[in-house]
Amino acid sequence: MTQIILNGLFVGSFYALIALGYSMVYGIIKLLNFAHGDIFMFGAYIGMTCLTVIPGIGSLGIGAIAIVLLISALLTGATGVLIETLAYRPLRSAPRLSVLITAVGMSFLLEYGVRQIWGPDPQPWPQAGRLTEAANWPAGLQWGAQRIDILGGSLTGAQLVLMALAVVLMAVLALYIGKTREGRAMRAIALDKRAATLMGINVNATISRVFFIGSALAGVAGVMHGAYYSSITFLMGFLLGLKAFTAAVIGGIGNLYGAMLGGLTLGLLEAFGTAWFGGEWKDVFAFVFLIAFLTLRPTGILGERVVERM
Amino acid sequence: MVASVGGYCSGSTLPTLPIFDSAKIPQLISVANSDNLIKDNTGNVWLLDGTGEQQASTAMKWVEKNSFKNLAVIDDKTDYSANLATRFTAKAKEAGLTVTTDSLTPKESDFSAQVTKVKSAGADFVYFTGYVQEAGLLVKQLVEGGYTGSILLGDGSVDAKVAEIAGLANCKNVYATYTKTPDMLDDGGAFAEKYKAISGGTEPGPYTIHSYDTVKTWADAATRAGSVDQAAVNEALKSTNLAGLTGQIQFTDDGSRAGEGGFVIVSNQDDGTFKLYDALS
Amino acid sequence: MESLKTYFSGQRGVYHGIAIAVVVAVFALPFITIDAYTIQLATQALIYVLLALGLNVVVGYAGLLDLGYVAFYAVGAYTSGILTTRLGWPMWATIPAVVAACVLAGVVIGGPTLRLRSDYLAIVTLGFGEIIRVTAQNLSITGGPSGIFGIPTWSFGSWSFNDGLTVGGLFFNGKILLYYFVAIVVMVLGLIGIPRLANGRLGRAWRAVRDDEDAAEAMGVNTYTTKITAYIIGAVWAGLAGQLNASLITTISPTSFQFLQSALVLMAVVIGGMGSVPGVVLGALFITLAPELLRDVWENRSLMFGILLLAVMLFRPKGLWPATSILPWSRDKHRAKVDTKPAQARAEEV
Amino acid sequence: MSLPMIDPSALLTTHPEAVPRPETLLEVKNLRLAFGGVVAVDGLNMNVHRGEIVSVIGPNGAGKTSAFNCITGFYRPDSGEIAFMGKSIIRTRPSKITRMGMARTFQNLRLFSDMSILDNVRTGAHAHLRQHWFDAFLHTPAYRKTERACEEDARYWLDFVGFTGDTLLYVTQLPYGEQRRVEIARALATNPKLLLLDEPAAGLNHTEKRGLVDLIRRVRDLDIAVVLIEHDMGLVMDISERIIVLNYGKEIADGAPDDIRANPLVIEAYLGAGDDEEPADGADQASADPGQPLPPAPPSLPEASATADRSDGGEARR
């Protein structure tokens, strides 16, 4: 029983990390960034390329993964900003429908662009960058590759490290949004873009910053996915992106804690669902929950009912 | 077009059956082996590869040989995979063994639910009948999830990539049911050399000899029938008795390959590529 | 009646002229070439036109982004496939079942979500598309992963399309008959039916909801029922297209109802021009013929579609043949009618 | 050239006069609405009688448009009662309220941009047009009859508001004043009993305002009550039979234009309390800093002359 919960929490932390990106972008410019799932995939491919291209990275073991995480976060973040400036900024005042369709177009561009460059079939993750390889863990930290029993269930050290990393990142983000000046600017824009400009906030710069953070987080999640599951494909972003959006909606779209909570909840719901009904129904659960939440409580667990101003 | 040779996965081959039949073109299927392909065979379909039924019986022999008692069967809901899994499960139940079945979604990467189910069932043998990508991930997550039993893969997952994804260390007791591959030929690599000569240096793939045999079978039937007409060729194919690279080629009346289907047990323990481990003959 | 020449130069006249030309071309095709591949491709193109016209109602007129449109396409195909192969019904008898199934699916999915903002609808319909595909893959009645094969063509009484028909000495084989049948259905349902709907009371309500939902509500248009009607009509059109496609390719499996199909049909509507019937027809023809023509030239077709979608949205959001387009030569006629009297004078007059 | 007085309901073959109209059309009892902490409407009471022209005035942020949106069903008030022709419309959808006979225009002109002017107005007639979508699909005679009636209806209202341009143009191609008229025509096309105009005079030039005053009077002559939210005091004083003054979400005065002009509460609300006047709540005057020079005596509202001309020079000081 606890094993199912542990599995759910582990998968949930991936959903949460990506859902954060969805929620931030949706919160600030009310855009459903369909391409966000593919940014996650793009981050994984960047990570894989760094591991194969950078000389001598193999010898660093865990250090290699840390470096690659950083590089991938920066590069994916930059891609996110690029996408926002090229595709979404010109349509800032366009009707919602055309921005959504642009996002779908961008999603295709990322997916099949990566397919064109890295080839269609799934790519195994380089040996040096695998969290589950005992060789990569330094002598003192051998527990990283072994299983650790927790309350009857068990997770590998690597999984615990990844979940810890996810929690740390979420905490840092929450502090950033809550306490810093830029964070306040983001919240202001989310509430009223025009008023924010009057207050001297450079809206475009802040929106780019949001895209940078959201995409960087997705990039980190991409590298973590590759490092743990050790195989990536150009289509993995589509389904995971959809699930991350479901998580964001369940938690309350636009609300950061909601994205985190929603991610973990969806992870657990799926884990129990597959345990009881069989693996093949896994995706169906995610969407049934999405539709149920949208009908019963569209604002999600933490979202508050916002009066739609005329 | 006088003949169709090919068909890798059953799912996509199935819809082509009526089309080739209506176009009056005999269809020799070199690899796809789901029994649905020959279920209501109008005499126009010939399987060169061992069918799901034959592969399942070879797997059963392997289970009995190692006297595994608690089996788990996982498929990926595709046509080939589901067919092999259901036939194997039926045989295992006949033999009175306990069998837990589950399936997974292709293109997914997290199979912790399936691993948990296998471990909680206390299985000492897992038969995964899906394809390469999911096989690699499942083997990795099974071993890292603490499963210590034996793992058998269907012939759809026989590829070096499985070891690449799962990591060689995790493939200690990974085996697969498989028909002969070029490197298993006892001709000292002559076929491989000739193949590389004409193909500009590329190694023969896992199913090259199957395609080779299939074309050879058609050619033999056409020469014996003296014409390329569908009815004549199909008639001649019934009485095929040809020595091929994959063994003696004969057909049963429902169009499937006669004999044991030539399945053997292969393993990728030493260097990640699947090599002959036990011919079970 | 004005002379024919002036009629055909007016805006409406031009549309009618083009429509007649298209009809003639469509009916003449089998006389030009009877090679099975072209007929098959032409029938497929026509089915996509019907599908795109259906989606145009949802996206073009009512402004609801539906990303799971292939789900209704699948519902139509599977309903007719199961009924014909499992229960042996003739194809025409399954039409009411297909329509009922699509209406039910439309209500189940549209009902709860149409109260919400339109971008939620996009994701929910996308999710619904995946649910239908995975369910079709897992259930045995839908033939599981191998789907259903051997779906009969249309038969009336004992005679079926495959028996062919000789008219005036000319023999039309099953494929051509199916092609003509599809052409007539597309003509009636799509090219005549939908524009008529768009001009009537309901069509205006759709467009009003698309332009400004609150203002439409204030004008007495019940936006919820209007959106649901658009969604269900779109669903039924897709179901019928699915049924036609099932009888065309005689085998359906979950793999032919991927999200890519929904995206393709959406592209047809968006690239052609949202809300404009000629534009959508153009778009539908493009997305069916382009892959065939580009098959060897551009192996990665989807990348091209992605780029195209972006380019259209950024540089020509109204599409190739925009809905609100006034044809160039008839534009100056329009300008002449605009009142040139200054507003001042008119105000005095009142 | 003013149009002959035709009773529009005679024209609309589709809408027989079902319900005799009661004396008071609209009744609002202590309406309350708050957005989070901000109380927009705080216990508002007002009513509108049949065939009356009522103006609702008040400083910015007094809750006029918010009250409007509650009445027309777009906001759901926290508490209070709204009854239209005797029936409560608190929980009713805006479209149903419009069908009951209350039409409105918007503060910032919300016309359907992708539709022609004629279609815009024809959408107004959507509610009472008996046409099933199947009729449209099959082009039945019922479809042709209703479409023709609807078009005549739309053209009538466009003429009524004095729009004589090309009705096939797109709304965005019209000057601002013309778009205002089309929006009013669209509202009238719903065959209302009560017309709510949200700042109709905003952005209009002098002559257009005069046209508007005349239009509102002609609408009232068709036995359609008109409620205006307006800032242009000249226009308000000229046209209203009754004025309701709102401040901080509740009505502080309700009566004929003349006694509203002299009402101290209204002046205070508009111009703020002068030092020399006894503040209503009797706060101690001595607390004011004696050294501060006295503010100029508060000018009373400009005398509203018979015609609106003179007043436009000295816009009401706000």
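To keep things simple, chains are lettered A, B, C and D as they appear, and every chain counts its residues starting from 1.
Throughout what follows, a contact is a pair of C-beta atoms (placed from the backbone, for glycine too) under 8 Å apart; a residue touches a chain by one contact, two chains touch by 3 or more.
Please read all numbers here as calculations on a predicted model, not as lab measurements.
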- Query: Closest chain to the protein CA centroid?
  - Reply: C
- Most remote chain w.r.t. Subunit D, using mean C-alpha positions, is B
- Of C-D and A-B, pair with higher C-beta contact tally: C-D
- subunit A to subunit D: how many Å between their CA centres? 49
- Between the Cα centroids of subunit A and subunit C the separation in whole angstrom comes to 35
- Item | Whole-Å gap between the CA centroids of subunit C and subunit D | 43
- Message: Where in subunit A do residues touch two or more of the other chains?
- Response: 239, 280, 283, 310
- Out of subunit B, which residues touch more than one other chain, so two or more? 77, 105
- Please set out, as single numbers or ranges, the residues of subunit D touching at least two other chains. 74
- Residues of subunit A that touch subunit B when the two form their complex: 3-4, 7, 10-11, 122, 124, 127, 130, 132-134, 147, 154, 156, 225, 229-231, 233, 235-236, 239, 271, 274-275, 278-280, 282-283
- Query: Hey, which residues of subunit D end up touching subunit C in the complex?
  - Reply: 1-2, 72, 74, 93-96, 98-99, 103-104, 106, 110-115, 119, 122-124, 126-129, 131, 133, 135-137, 139, 143, 146-147, 150, 162, 164-166, 168-170, 173, 175, 177-178, 186-187, 190, 207-208, 210-211, 214-215
- Note on the structure: Listed in rising order, subunit B residues that touch subunit C in their complex are 10-12, 14-15, 17-18, 34, 36, 77-79, 82, 105
- Interface residues, subunit C side, partner subunit B - complex: 134, 137-138, 144-147, 149-150, 249-251, 253, 255
- Residue numbers on subunit B that touch subunit A, as the complex places them: 74, 77, 102-105, 107-114, 116-117, 119-120, 133, 136-137, 140, 144-146, 161, 164-167, 169
